[in-house]
Amino acid sequence: MGAPGIVMTSAQHFLPLVIGLPLLAAVFCLLVSNSRWSARFSILFASIHTLVVMQVLSSLRDSGSVWRYELGGWGAPLGIDLVLDGFSVILLFATTIVVLCVTTYSAAYFKTPQQTSRFWPLWWLLVAGLNAAFLSGDAFNLYVALEIIGLSSVALVALAGNVSAITAALRYALVGLLGSLCYLMGVALLYRAYGTLDLALLSQTVQGTPITWAALALISVGLLLKTALLPLHFWLPPAHAGAPAPVSAALSALVVKASFYVLARFWLDVCSPAASADALNLLGFFGACAIFWGCFAACRAKRLKLLVAYSTVAQLGYLFLLFPLTAAYGPSAGSAALAAVAYLIVAHAFAKAAMFMAAGSIQLACGYDDIDRLRGVVSHQPISVFTFAIAGASLIGLPPTGGFIAKWLLLNSAIDSGQWWWIAVILCGGLFSAIYIFRVLILAFTARQGEQSSSGGPTHPIPQTMMACGFMLAIATVALGFNAEWLLSYMDINLIGFLAGTEPLP
Amino acid sequence: MSQDLIYCTTGIGLFALGLYGVLFVAHILRKLIAINISGIGVFLVLLATAKHEGVVDPVPHAMVLTGIVVAVAGTALCLWLTVNIHCRQITQQGESK
Amino acid sequence: MLSLTIDIILGCGVLLLAFLSLFSRDLFLAIVLYISLGLLVTIAWARLDAWDVAIAEAAIGAGLTGALLLAAWHKIKEQSAPNPSTSEQSTPGQAQNVQ
Amino acid sequence: MSINQLLPLLIVLSAILPGVAIFCIGDHRVQLRRILNIGGNILCLALIVLLIRGVHQGEIFETRLPLLPGMDLVLHADALSLLFVSLSGFLWLLTTIYAIGYLGNTQHRSRFFGFFSLCVGATVGIALAGNLITFLIFYELLTLTTYPLVVHKGNAASLRAGKIYLGYTMLGGALLLAGVVWLKALAGPLDFTATGILSSLPGLDPNHLIIIFILLMTGLGVKAALVPLHGWLPTAMAAPAPVSALLHAVAVVKAGAFGIIRVVYDVYGIEFARDLGLTPVLALFAAATIIYGSVRAVFQDDLKKRLAFSTVSQVSYIALGTAIAGPIATIGGMVHLVHQGIMKITLFFCAGNFAETLGVLKVSEMNGIGKKMPITMAAFTIAALGMIGIPPVAGFVSKWYLATGALEVQAYWVLVVLAGSSLLNAIYFLPILHVAWFKEPNPAWPAKTGRFEAPWMLIIPPAITAMLAVAVGVFASSEVSPLSWAKLIAAKEYGQEWTRSAVQVASASPLILATVLTPLLFSLCLAAPRCRKLVKRAVPLAVLPAIVVATMGVYESSALPGLFFFSTFGLDENSRVLLLLASTLWLIASFYSADYLKNDKNPARYSLFFLLCMTGSFGLILSQEILGFIAFFTLMSLSAYGLVIHSGSADSLKAGRLYIQWVIVGELLLFAAIVGVALDGSAESFADINKKTQPIWVSWLLVIGFGIKAGLLGVHFWLPRAHPVAPVPASALLSGLMVKAGLIGWWRFLPLGEATLLDIGGGLIFLGLCGTFLAVVIGLMQQNPKALLAYSTISQMGILAAGVGAGLIAPSMWIVLSSALLIYAVHHGLAKAALFLGVGVAPLLGADNSNKRRLVLALLIIPAVAMVGLPFTSGAIAKTALKTSLENLPWFTQVLPISAIGTTLLMLRFLDLLWRTNKSPSPNPALTNSGLLAYGVLVFTVIGMVFWLPQSQPFIAATFYSGSIWNSLWPVMLGAVIYLFGRNDLFKNSFLFNTSSFDVEKTFSKYWAAFTDMTYARLGRTWELLFIKYKSLASPYFYLTRSLESVKGKNSNSIPLSIQLLHPGLLFLGVLACMILLLAFAS
Amino acid sequence: MFNKLEFEENAKKTTRTSRLIKGLSAVTIGLLGSMLVLSVISAEKAAPELAQTALDSISLSGVENPVTAVLLNFRSYDTLLEIAVLLIVAVAMMPESSRNTSLTAANSRVPTHPVLIGLIRCVIPLSVILSAYLLWTGAYAPGGAFQAGAVLAGAGVALLLVKRWQLNYLRLSARAFMALGLAVFVIVAATVIPATGRALNYPADYAGALILIIEVAATLSIAFVLILLVDQLLNMANKQVKPQDTQTEGLDKS
């Protein structure tokens, strides 16, 4: 029964699978009591998940058009649609790869049964939440998905067990709840004004009325809280530094990106008539401040994971340059900026996950991660340092890595739109990030002075798989650096309102 | 001043009050109460829009129901974290004395 | 005209209760006021013909959230100043409203 | 993907993959790492050779990988990229061998070699890059991979160096990225095309292009160490030697220069860049760097820092070559890319050896290191000479092309810059050579352990690169050499069709080659300690081929096309006579010195310089083309330095220093002059120099340049100080033969007999004659007989100079005049040599048995008499020949008798001095009978040689004519009379003749030496203080780090987890409020 | 706002400046609220055509109560995710280790207050019947899974408060209870795909039955989870701060 579905390619059936699969995995891991079994099962599950998404990727490229999947067969206004376009498929791709690597990493990372029994279900629920957020085409559905992501991240951060981690988790939870409430209020106002929840329908009916500004303002503030843009970023460093390594890797790489994705969708697609150029530039301004403040704080951070967390704050700043670039662009070539930011998201996801894993392995091996005390010790972890170096190179934007291509595309769109000040911001950002990255890399090269070596102490051996995962992600970052054509071609299939149907990338 | 407007203003009032409470009240439990209050505010706005003359729109009702459950879940998690921290701090002070 | 006055009274009542609950001196009082606010809002849902929501609000919103808050408050009070008596202290009236 | 498309990629991978593999194996797996390393090397080289062969046959090699939509990763092999690829590929192999030896079993070697091959992979990538974005990618990869190498040691100094290096390169990289992106936005994909892309694209806003050019140049300038951006290079010397060898001499610095070439030629196009007015600015910067680098290098005591600053200045030659928008200058710039790489890597290898084996870091500690580590020091010397631009070595070739290129474009100031920087190079390299070879080694150094002075791995690479430097220089115009490759590139860049230069027929006459090669071979086998004694005795044999050629008159010419310097030799009538003079003098001098120096402390060194000098003189006479001539001329003057300071006494060292200073100044003047002469670059042999259109300044430079060698007045100061201190046979040769080299120079280069140059001719005559008379006056005041003879040489050479001046004024009579001058030169050569050798013979005067004394007295008088020109002597013939050929210049002929008077006075004074000093028998007579015999033979030739010469036949009859007897007799008698009167009272008390009080020339040189020491010391110190104090403010990088450190230090703990100051609540509201406002009011 | 998390009631009096800041921010929030109200008032409500379509297609949804139709058929995906949210919190609050072994362990030693026992004895059965009723009428009149679950949870909490019985949440059966709702929902969503070509698209005649199955499972798991929430808060064991086991972060107290 249900409305006659549009001609459906076989692969479109995978969409609900992409969300249902992690939920089933969560249930299974909850029921399985033996920790080794749940770990092994999770790795299998992650690979199946990757295969499914790869299949979705290839068939989306063949179909070349935006996919809509009516859940429950009721169609847009009444039911909820799963929507997949170029931008969200790239994010999905980033999620699967990072999930695959983090799963194998945490299989070796968590040992005690208490932790594993609670980690795996939460982890798979987080993955389900992420996939739901990227795929959903309904405003309220996004709220629930963001809520899942928020709460599971809080639970995962609290998993670390010590007081500082739990305090950070609590602060993160309060921020998450407040952000979601503001978002919900925004959606309520939109529903009150336009009567529908579906994003596509909304984008057609929205005009620049006061209620829309209020709704957009509330939604943006809620999501800025969850994305931790500069003024509202205070909760991120302690949360990401306190959490266990695989969790902070997933948090930094994916969770903050989900709320950014929703924000981008609202500003560029749904309420684009209401989005004034000045507001977009305000977001850009906050982004620039985030870059500089993040680098400054990272240079002064005392602990390795805190440094990496502050670098996340900085790199997020780059993402927010999307808005001023599209604002000045006008409808025609906005897709170049969007392509640049999509690529940056993927590159940053891989690099940041690899960096956190490397930091985690170093911390596990040495037992502490104060940067000063790591001076001579770190040279015993060559692979982790190497992973950290490549990830750092990608954050700085040095050539062989994906970060360089993203920086190149950003610079390109900045020049095309004639806003030379963003060029200065991007370049200075790169230079400042070089300072704190090399502040850590220098540790690997300092010879162990006499007295230093005694305090360093022998490092505990850590399982090979942990280092291998970080290394694989680093290799993926470098691979991104070489063939950008493949990933950028997806940006032609674009839902975002004024960009839909634009001619392929210049 | 139709019924809808009354409930909308109260809803927004509650939301603002809850917002102030979350931001500026020190104690954690009070903050959670404030969050629930602003949640109720949002639900008021939603349900005010749901009530039309002839027909009652079921969709906001479903949204509010889901909202309530999610609010409960969120509050429960925050409470559990608070108690967790409190116990650890107390035992810590116990040990340190 | 009558229904409008009821609505206005209800609205002001809700706002007043919320304000009191937030800025009361004692934490326990705050929680109790919040629970009563929950009940008042249930009436509001009824006024808006949202019967499902009313039931849910009564059961989960007022009932369970109140229970959780009281449990947490009890745990925090008990931790910070463990009372000398070892006797089991029954929890104050568990507002178990049944409709 | 045919092989053509895969090859460039394979080359880059063959460099990168071994690096990655090496990372994985542990430090202890030495064998496996070596196999990987060397294997990767050889594979890469093989592929490069394959590539060169392919490109030579005109195939296209290009790998195109999709990178960005509308932008590909392109690896394209064109001629320019091959030049750089082969350079880095080959030197990588040598440096790896060196590094294996150097690192021994230090820790972190796998890491080192891994990054090492990655870095070379990046350099190869840069070389093969087909468009600007690929270039940028490998350029940044190079920064990444070189950082770990710079900080390899891990101590504080290298970390600080690493930090500074990063600061500069990151900044440069960012600017380059901005420039490339902007250019791509304007001009689309930037594939390198031969004559530049931008010139063909319409509608590009010129001032945009200028700003982009500035961005690109600053980005590339950081690595190419242009002046304001060079700060990192000297500090990066804290890296281990192989790193500074390959990276800072070849890979990193060259990448910057290569980038500049690519951008100027293949992106902008040279004409387009010139029209935009960009190249002059770049040329200015390059010139500033050249001078600045050399000046800073002079004041560095640390050897590696001095080499670093010299790299800074040398690399800017390439930039200068590119910036002078002329085809020949481009060739010069590109070929310098290769030459500088080879020479500089040798210097760094040697510096590494000194530091590794003897722990010598400072230049001041390098006393006598030549004796301790001869092979390394020899390589260092060859490379250093190359850097200065001394002919046979490669450096000269590139400077030659740069200079001719500059002249072709009338950029005269470039010539000054080149000359100035060569002078500065000499100032900071020659002292090192002097200290290393001619000072006593430091006793604290460990005795030599193994067979060689250091492990073989450290010796072979510098030796190979030194030999390569010489080979590349000598065989520069052969088919395979970098020079011809650079010509191919330049032709492509300028869009002209490249015509392979006509291959001359290779005809080599063995005898002529033998005259030059035998002394050279003898000097080479002196190096081997075993056959040192044998060679010392066999020195006279080396002269044999020269005598055979001179006597038999072998007139064919030998042409060796491949050679750049010594391609054609030949003999004609005049040069045969000179060869005859030279060979006789060398033969007698060799016999004489064998006897004179039998109890000398290091005869080997003396014979080495003796043989080199001999090669120089023969080569000078025989060579038929400019470059060969200059090469031998320089060889002769430099090796003469060795002879001058042979005795090692204080004033010999001082004289030697003055001599070398004047020689270097002379070299520079001659270099500039020759460049002017061979203006269009193709004319190299004497035959086809069109002497008519010689610019005036060239002639002046020629006159002064050769005047220095010929002791012309005003530039003669070194001669009277150098000749006396040299050992007797050496000073005989110096005065007799080497002074004539100046004359030969004038003969070959000045337009004698073709163009009338009145002012120069007049000037020459005036200087010559004044020299003649002044020299006589000062000569009389000398106490030391050899000094007196030196002054007599000056006076005689004055006459010859005047003769040449006359030739310039009246070209018609040059034919006759030339043979007269020739005779005069031969006569003077023989007589002066005999007189000098006489000084050695003089102690026998006091010998016990009287007839020996009488014989010696007779032998002494004959050359003096010939000198004066008594009838029936060679002097008479020479003077009459001169008089007859100068009839139409009557005032000139009156001058001759006056000079004859002067000469007689000098001769009498000389004999008087000899008699006075040698009355009492000296304890150990220096000379034995064999020395006396050699002296006798010389005196006999003095009498006979001139009569026998074909040129002098017509004049012999004239001398016997009574009139000429009389006018050659009266000046002698008059001179004798004056001398007899003035001898007893004049000399003892008169103020005029008191030699000690008044010596024009000595006071001047004293002031000159004082002046140089003063400037050297004070300027250097102030510069150092000034620079260091302001350096920290100047470079932006320090500013940044200082601001960061100060902040970090102050706030002890990290920022508290949550922001204490800004109340997040307020922030939240603020964001919400302004979001609403902006939305509401803006839209 | 969130930096200094106070737990004690008698936090020290706020200083002069923060009082000013609080006043100022109160004013700003008031202003923003009024602007919000103004904008909401000025815009008139959208016509309820979504409500109309929903009410029209109730007949197809297999239940009469529009809210339940929306909840469990039209927007069933939201409810699915919402149950997942509950599961998250349940998993997060699961106890570390529990002493007793069986699912419901009774320790009779604890003396109970007679009045309480009496109250429990009559309240519990009433609540169970009430929740069953609520569940059943959900299809036709206001009621449904959440309300029934909440009432059942209330009964459960009352039982636990007597401290006579304890639940062991780590047992497999307990965890099964928690995951029951989500598992059933996902399985039903998957099984309908072959029938109707879309996930969550119940075939017409079975829609009612399927919804009922989902509702029962949801009620049970919601009840269990809510009981767990309250129970965990109530008797959270006094956690000794475990010595830093090497596994978790070696973070020194920052």
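Note that the chains are named A, B, C, D and E in the order they appear, and that numbering of residues resets to 1 at the start of each chain.
In this section, a residue touches a chain if its C-beta (ideal position, glycine included) is under 8 Å from a C-beta of that chain, and two chains touch if they have at least 3 such contacts.
Here the structure is a predicted model, which is why all the values come from computation and not from measurement.
Student: Please strip out subunit B, keep the others put, and tell me the connected groups that result.
Tutor: When subunit B drops out of the picture, the chain contacts still join everything into one piece.
Student: Of all the chains shown, whose C-alpha centre falls nearest the centre of every protein C-alpha atom combined?
Tutor: Minimum centroid-to-centroid distance belongs to A.
Student: Measuring between Cα centroids, what's the chain most distant from subunit B?
Tutor: Between subunit B and the rest, the longest centre separation is with D.
Student: What chain is the most remote from subunit C, judged by the mean position of CA atoms in each chain?
Tutor: The chain lying farthest from subunit C is D.
Student: Which chain pair is joined by more contacting C-beta pairs, A-D or C-E?
Tutor: Answer to which pair has more contacts is A-D.
Student: Would you kindly tell me how far, in whole Å, the mean C-alpha position of subunit D lies from that of subunit B?
Tutor: 86
Student: Just how far, in Å, is the C-alpha centre of subunit E from the one of subunit A?
Tutor: So the centre of subunit A lies 28 Å away from the centre of subunit E.
Student: Need the CA-centroid distance for the pair subunit B / subunit C, whole Å please.
Tutor: It comes to 12 Å between the two C-alpha centres.
Student: Compute the distance, rounded to whole Å, between the mean C-alpha positions of subunit A and subunit C.
Tutor: 39
Student: When you check subunit D against every other chain, which residues touch at least two of them?
Tutor: As it turns out, subunit D has residues touching two or more other chains at 1054, 1057-1059, 1064-1065, 1068-1069, 1072, 1076.
Student: By the touch rule stated above, which residues of subunit B touch at least two different other chains?
Tutor: Where subunit B meets two or more other chains at a single residue, that happens at 9, 13, 15, 18-20, 22-24, 27-28, 45, 49-50, 56, 59, 61, 63, 65-66, 68-70, 72-74, 76-77, 79, 82-90, 92.
Student: Please set out, as single numbers or ranges, the residues of subunit E touching at least two other chains.
Tutor: Touching at least two other chains: 1-5, 7, 9, 25, 29, 32, 35-36, 40, 45, 48, 50, 54, 67, 74-75, 78, 82, 85, 88-89, 92, 144, 146, 226, 229, 233, 236, 238, 241, 254.
Student: Show which residues of subunit B lie in contact with subunit A when the two form their complex.
Tutor: 15, 18-19, 22, 28, 31, 35, 38-39, 41-42, 45-46, 49, 59-60, 63, 66-67, 70, 73-74, 77-78, 81-82, 84-85, 88-89, 92
Student: Which stretch or stretches of subunit E touch subunit C in the complex?
Tutor: 7-9, 65, 67-68, 110, 113, 116, 123, 126-127, 130, 134, 141-144, 146-147, 150-151, 153-154, 157-158, 161, 163, 226, 229-230, 233-234, 236, 238
Student: What residues on subunit C touch subunit B, complex-wise?
Tutor: Subunit C residues touching subunit B: 3-4, 7-8, 11, 14-15, 18-19, 21-22, 27, 30-31, 34, 37-38, 41, 44-45, 47-50, 52-53, 56-57, 60-61, 64-65, 68-69, 71-73, 75-76, 79-80.
Student: Please give the residue numbers of subunit A that touch subunit D in the complex, ascending.
Tutor: Touch residues, subunit A against subunit D: 164, 168, 171, 208, 210, 213-214, 216-218, 220-221, 224-225, 231-232, 234, 237-238, 273-279, 282, 297, 299-303, 306, 379, 382, 386, 393, 396-400, 404-405, 407-409, 411-412, 415-416, 423, 427, 430-431, 434-435, 438, 442, 445-447, 482-485, 488-489, 504-506.
Student: In their shared complex, at which residues does subunit E touch subunit D?
Tutor: 1-4, 18, 21, 25, 28-29, 32, 35, 254
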